[in-house]
Amino acid sequence: MNSENVTLCEKTVSSSYIRQGSQARRGHEQLIRHLLDQGKCPEEGWSESTVELFLNELAVMDSNNFLGNCGVGEREGRVASSLVARRHYRLIHGIGRSGDIAAVQPKAAGSSLLNKLTNSVVLDILKISGVRSVASCFVVPMATGMSLTLCRRSKSTRFLFSGFEPVVVENVTEGDELRTDLEAVQRKIGELGAENILCVHSTTSCFAPRVPDRLEELATMCAKHDIPHIVNNAYGVQSSKCMHLIQQGARVGRIDAFVQSLDKNFMVPVGGAIIAGFDECFVQEISKMYPGRASASPSLDVLITLLTLGANGYKRYLTERKEIYSFLAEELKTLASAHGERLLHTPHNPISLAMSLDGLQASSNQAVTQLGSMLFTRQVSGARVIPLGKEQTISGHTFRGFMSHSESYPCPYLNAASAVGITRGDVTLCVKRLDKCLKALKKHGKTAGSCSDQEAPDEE
Amino acid sequence: MNSENVTLCEKTVSSSYIRQGSQARRGHEQLIRHLLDQGKCPEEGWSESTVELFLNELAVMDSNNFLGNCGVGEREGRVASSLVARRHYRLIHGIGRSGDIAAVQPKAAGSSLLNKLTNSVVLDILKISGVRSVASCFVVPMATGMSLTLCRRSKSTRFLFSGFEPVVVENVTEGDELRTDLEAVQRKIGELGAENILCVHSTTSCFAPRVPDRLEELATMCAKHDIPHIVNNAYGVQSSKCMHLIQQGARVGRIDAFVQSLDKNFMVPVGGAIIAGFDECFVQEISKMYPGRASASPSLDVLITLLTLGANGYKRYLTERKEIYSFLAEELKTLASAHGERLLHTPHNPISLAMSLDGLQASSNQAVTQLGSMLFTRQVSGARVIPLGKEQTISGHTFRGFMSHSESYPCPYLNAASAVGITRGDVTLCVKRLDKCLKALKKHGKTAGSCSDQEAPDEE
Amino acid sequence: MNSENVTLCEKTVSSSYIRQGSQARRGHEQLIRHLLDQGKCPEEGWSESTVELFLNELAVMDSNNFLGNCGVGEREGRVASSLVARRHYRLIHGIGRSGDIAAVQPKAAGSSLLNKLTNSVVLDILKISGVRSVASCFVVPMATGMSLTLCRRSKSTRFLFSGFEPVVVENVTEGDELRTDLEAVQRKIGELGAENILCVHSTTSCFAPRVPDRLEELATMCAKHDIPHIVNNAYGVQSSKCMHLIQQGARVGRIDAFVQSLDKNFMVPVGGAIIAGFDECFVQEISKMYPGRASASPSLDVLITLLTLGANGYKRYLTERKEIYSFLAEELKTLASAHGERLLHTPHNPISLAMSLDGLQASSNQAVTQLGSMLFTRQVSGARVIPLGKEQTISGHTFRGFMSHSESYPCPYLNAASAVGITRGDVTLCVKRLDKCLKALKKHGKTAGSCSDQEAPDEE
Amino acid sequence: MNSENVTLCEKTVSSSYIRQGSQARRGHEQLIRHLLDQGKCPEEGWSESTVELFLNELAVMDSNNFLGNCGVGEREGRVASSLVARRHYRLIHGIGRSGDIAAVQPKAAGSSLLNKLTNSVVLDILKISGVRSVASCFVVPMATGMSLTLCRRSKSTRFLFSGFEPVVVENVTEGDELRTDLEAVQRKIGELGAENILCVHSTTSCFAPRVPDRLEELATMCAKHDIPHIVNNAYGVQSSKCMHLIQQGARVGRIDAFVQSLDKNFMVPVGGAIIAGFDECFVQEISKMYPGRASASPSLDVLITLLTLGANGYKRYLTERKEIYSFLAEELKTLASAHGERLLHTPHNPISLAMSLDGLQASSNQAVTQLGSMLFTRQVSGARVIPLGKEQTISGHTFRGFMSHSESYPCPYLNAASAVGITRGDVTLCVKRLDKCLKALKKHGKTAGSCSDQEAPDEE
């Protein structure tokens, strides 16, 4: 309430109470001031009441909420359903303008602020999470894959994206781990010629026994050969190890952009990603590749979430995730040894774990796939079962060892991950159910996981 | 956003857009200013966005939403469930204090404002609806009946409410109407002695063929004999005729208080009433009879509703209601004559209508009650069927003609009302279904409304 | 979704996924089944998603949500504002019918279920909290005070509530405590004659140094003299000691009804109470004293809260409260001794504590009241400051020692309480601020708490 | 509630009421059944209560809402903020899977249904709006521009999208209208060679004096030369004329895909588009070009909106829009003639209108741009002011007549449009303010639109 209205309130309710109330309002405003001034994620999370106050303040600055507005354009932010208006806090105009998703919209000062602030808060969190020298980033309402495409299309990645095709360099086995084959990459660059390579595309996010790529060495190689380097950091923000890899890669070599999923790292609905980089101009060029306005929904979700958690709240999540990773490893190890299996030794993968299924495979050809079905039916989600040398044909190509990141991993295995937001309860329940399934499969041999079990869906 | 924050915004988004946005905010603030200043229902309804902005402003003034509050009392407005917090807009402290439901709460400046403003806006609406000289009123979170009890308990209604018992004066038949028997009232006053009478209790709200009491004459009588006079105006606000009766009664005679239901007049959930009167001190005394804080929920509902509708919106509802009353009367008349029945002539009842069921009664003893069951099953709600001379025993007393306001109304009948919020569709559908039921009952005689029809519930 | 619709879904999405989804739905339904079947608070709290699913299911059973309904009555549950409809989950018809707040409404099967289930769940919680032999209870949308009035009005409390006036029996000092003067009560009964006493009204809920009444002895006395006995258990549900007193009182003597506040015990908004007793018929009679339908809002709030918490969640709150009581006592003791004051020894009061302010009083006459102002200004809410022998005149009577439960308590003091929902942070902050205020007052003598401090409001 | 639970309810509330309530539930279920069975937009809009019931039913089928779920994957649909969970109705998993935005997700049967049903309902609306032979479509959470890019990338549009560059064919002036220069297109095809053309890209949506492209002729040309043809139908769904153009083009020639904005046609927040086509396989191929899961938010918004409006509600909006187009034309014509200007004659543009500003231009060089600023300041949004021959340099190219679809339109002009959701009030207010601005500009010459007016923003 503005001061004039506060004065009017004092006619109705005694002024000492009103003054206290309006002083209390300043408490919320101070938080907002700090956010606007610093552009950083607040240390301590905001109450929902501050968050909603702030969103309402933004919304009244958009022209669709102007009381005196009259609209005669093609896009006026009108909303037919009040359910829809409410769920978007009446922020209807989206973000960006045609030609630049980071641009300000004249009709929507509030949504524009939302956009800028979200990018700024997210940048702060990327720094806190370990990539201290990140220069710029922005949220796009697209999944990680589509965002990576956008990065590759950017003009500054040499010339126009014309007629390029993906060249896959297989990983090499080191102990149990599948890891970047640096020599093969070097060889391939020599073979193709650096000038013919659009970019090197590496990843921090993969299922064990595969482990994050050797970013430092790849970045050095890219710098040397002047090849753009884009990193798929899909769910790497949640791991200080992954973030450290990117930070180091950029320090010693070349990383042009790294892309991360919003939902996988920040516990928001699917549909957004962060494109980040070490050169502000380059990131800006990418943002100009998104032709048109875009949904503000993913930005709104991540902003609400980060303001509510605060930097400390998010860090607590990361700490817990790390602890539960160790707990999950311990539990799987114990379970594995009880069933004559073993936890694969993949110390470089900080999120995903794999447990061998050799014994199960030995007992029956179908037991491994049956295990997948049984886990699905028992509401264990996210536990992937990878049989030996599964072949799959996609668009004419036949892939061996499909889904296992390798053409010839020596054993079948099961994946489980400790991702942000996981609880000890998840782990305990999963291991308990897994134990039951393994026992049942051993007992009954082929007949277990009977017809009542539904077909196992492939993971994503 | 305060001016300091607006300035900060201009660092991020170009100042011309921010300035326009913050100017737009002033549009909402102007509406709020007008409300605070005048204490009247706005002419034009507010957008939901202004309403919610205002409620959020109120909420941040309550101590349970202070960011720096620490509470060590027994009642701190804590909320365990966020679903509950949200649905009350975080206004948790209720209204009033022990000893006076109209009192201001030090811990809750916002809720206190809500309370005062609601009473003020509602007072304005009572004036607009026809009782122009009403002096004061307040909303209580109690139904009409309980509120009438509160009025009777008020100290100023003579002395303590001790050992009084209700004396019912039957209505007298005038044409089809059942109407106040003024002579009988006068007789009864003489009989009992005015000094022994706690108050006269009259009503504007009743089912046809009964009609509103002759308030003018009763009020004159009460003034003459110095007897308090309380009017049950349960759903009378929606009718200019009922409101006019009260206005006139107070002008020429004595009306101490009149009580109206929130839900029946303002389309809000059940549970609140307005206690109003012509002497501010007397109304205040009643408000002091409510011992303790009280739920703010009914106040919140009626405030949201009236701000959203605006005075004009509410008046439109009243106009429509009146038009649909005529439409309903026409439709029932036509239907009645098609079935050999007639619409009772009750011009003094502006809301409720009655149609005779003589023919139906003649066809079968049970047909009339069967009609009630059939209408219930067919989702016609609110249509009451009153058989001839139904007897009912309550607390030892036997009532004849129960529910019909008369011991011996000469015919069975069916009620239908045009109450605020009704649509033409309601009328058309009701008459169509009624027609079908009557046809079915005639065709099959006793057998109609077969076992598939559920027992008809008594109306309220 | 019913089975027919599930089958249709399988045409669109593969049946194994749909089957799993619809099996998952049964999980929610099982919880609801258990609630409907047992009428008890679930052990483990429900997710918000189950709670809202359930409320939606109730809402569709109310006639205002029937798709084919046509209403021609005076009360049809119409809602003008969608904000209002939503916040009540479209449960508009309230609870009860005229004549009985516990009665079922034909037009509102869902709201009626809500009402019955809430009363049943609340009864379960009263048992769990310590009054194991409670027979019946119901929620009323009125504050504790008004609910106590309702109890006294009940017919079975002898005869009609006519011309009675309250007789206060002062407490007696035992050590630091103010406690029931049993002899004085006995003397007063003899004086007035048991047959002239409407009821004995005792309390479990009071500010230290007063302590809960000696319920066992009072109940025995009431049983002996055949005097009804009503207990104000305002915020006693949160304390096993208070609940134990009631349980014991009812076991050895007579307690007719006990009344508790919803907001003080269950962290819901102000405005509801529970009336409970040991004789089902008597409780039912009270429920019939509420003339009219009533707001469902308090019932809805407490039901949502208890389903969300579960019995275990509520018990955790109670355990924490008890622990923080000890913490608060320790902290206040330390603070008191640092300032030359002492924590009053009031072991029989399990919720409220008092610390002497003798030294402060000695330093300046106004220092004690200034302390109150300072705490208010510093957002310490609920800490009451009681000066020596404050006099206040209410309705012609002059009360000495107003607000201190005693005409002549020997020292001024400050109250703080550990009420349900309090956190350690509240205690720490309060003690820290209190320390600062005491230091400031000592330093500056009279000048402290200068004009910038607002007038201290009386606590409720 | 399932039948077992209904039976349990009957223990608590009389079975006739429960039965009626549960019968009423079937009313909602019938609507849902019809939707699932037919996959069409319901004729009559659903109540919000049915919509929310349905969304809740979908949500409980997603694994993140399974009560017994334990998740050990990287993407489990966890949500940190309850504000976020609620605003998405707890539908967190998004739509699609990596590799196909139309694919079903094993973890999210409910979201998958949402996706399929939305596409189906939207297809129905495209048919109703005039493209009766459309075969398939899907909603993407991307703006129109990005969606057009996706279409061009589709493999079936010949070969890989490599090294193509856009070739613009200028419009030709016909009377006041700017219209497709068919000869120039034909010439350009000859020049480049059909086999070197990725696709022809036409549009239905443009600002007057430009008018929709001659789709019939272009489609015929494309068919003849075997060139893919993609139509930007950005806001064409709202106009039967635009839809008719597409329907005819596809009938007589070749249209591969047409793309429309969700927000511009369906009054939902910015950020979604519909990609539609006449060959199911081709549309499916495009959907497989979206690499990754995607936000369900735009699908959710348009589904809620269409279910709430119903086909009839949407048609009413279209009819109103058309009527207001005529009203706007009339009003602008009158205004123009009063100010010595004229409404340009552009009968082929069914949405956008243009009024000349010759006189204004004559009065002062800056008056035309000042008019833009003044309208912006006066909260007239969407009215574009196009000065004569504005030059703008973008990426090295200099465009003359920027924003005016032509290098050399002979006069400056102002645009206003009648877009879906516009009201008569918008038109009246706009014309009134426009009138005032024009008067002020004439009166004061250069000095009008003084410094208090902010710089006019470019439209989008």
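Lettered A, B, C and D in written order, each chain numbered from 1.
As a working rule, a residue touches a chain if its C-beta (ideal position, glycine included) is under 8 Å from a C-beta of that chain, and two chains touch if they have at least 3 such contacts.
Since the model is a prediction, treat every value here as computed from it, not as a measurement.
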Pair joined by the larger number of C-beta contacts - B-C, B-D: B-C
Far-end chain from chain C, centres as C-alpha averages: D
For chain A paired with chain B, centre-to-centre distance based on mean C-alpha positions, whole Å: 54
Approximate Å spacing (C-alpha centroids) for the pair chain B, chain C: 29
CA centroid of chain B to CA centroid of chain D, Å: 46
Chain C residues counted as touching two or more neighbouring chains: 17, 20, 24, 48, 52, 63, 66, 68-69, 82, 105-106, 376, 379, 457
Residues of chain D that touch chain A when the two form their complex: 48, 51-52, 63, 66, 68-84, 87-88, 91-95, 97-98, 106-107, 141-146, 148-149, 160, 162-165, 205, 234-235, 261, 263-264, 266-272, 290-298, 301, 304-305, 308-309, 317, 328, 351-352, 376, 379-384, 416-422, 425-427, 429-430, 433, 457-460
Contact footprint of chain C on chain D as seen in their complex: 1-2, 4-5, 8-9, 11-14, 17-18, 20-22, 24-29, 31-33, 36-37, 39, 47-50, 52-53, 56-57, 59-63, 65-69, 82, 85-86, 90, 104-106, 109-110, 112-113, 116-117
Contacting residues of chain B [partner chain D, same complex]: 16-17, 19-20, 24, 82, 376-377, 379, 454-455, 457
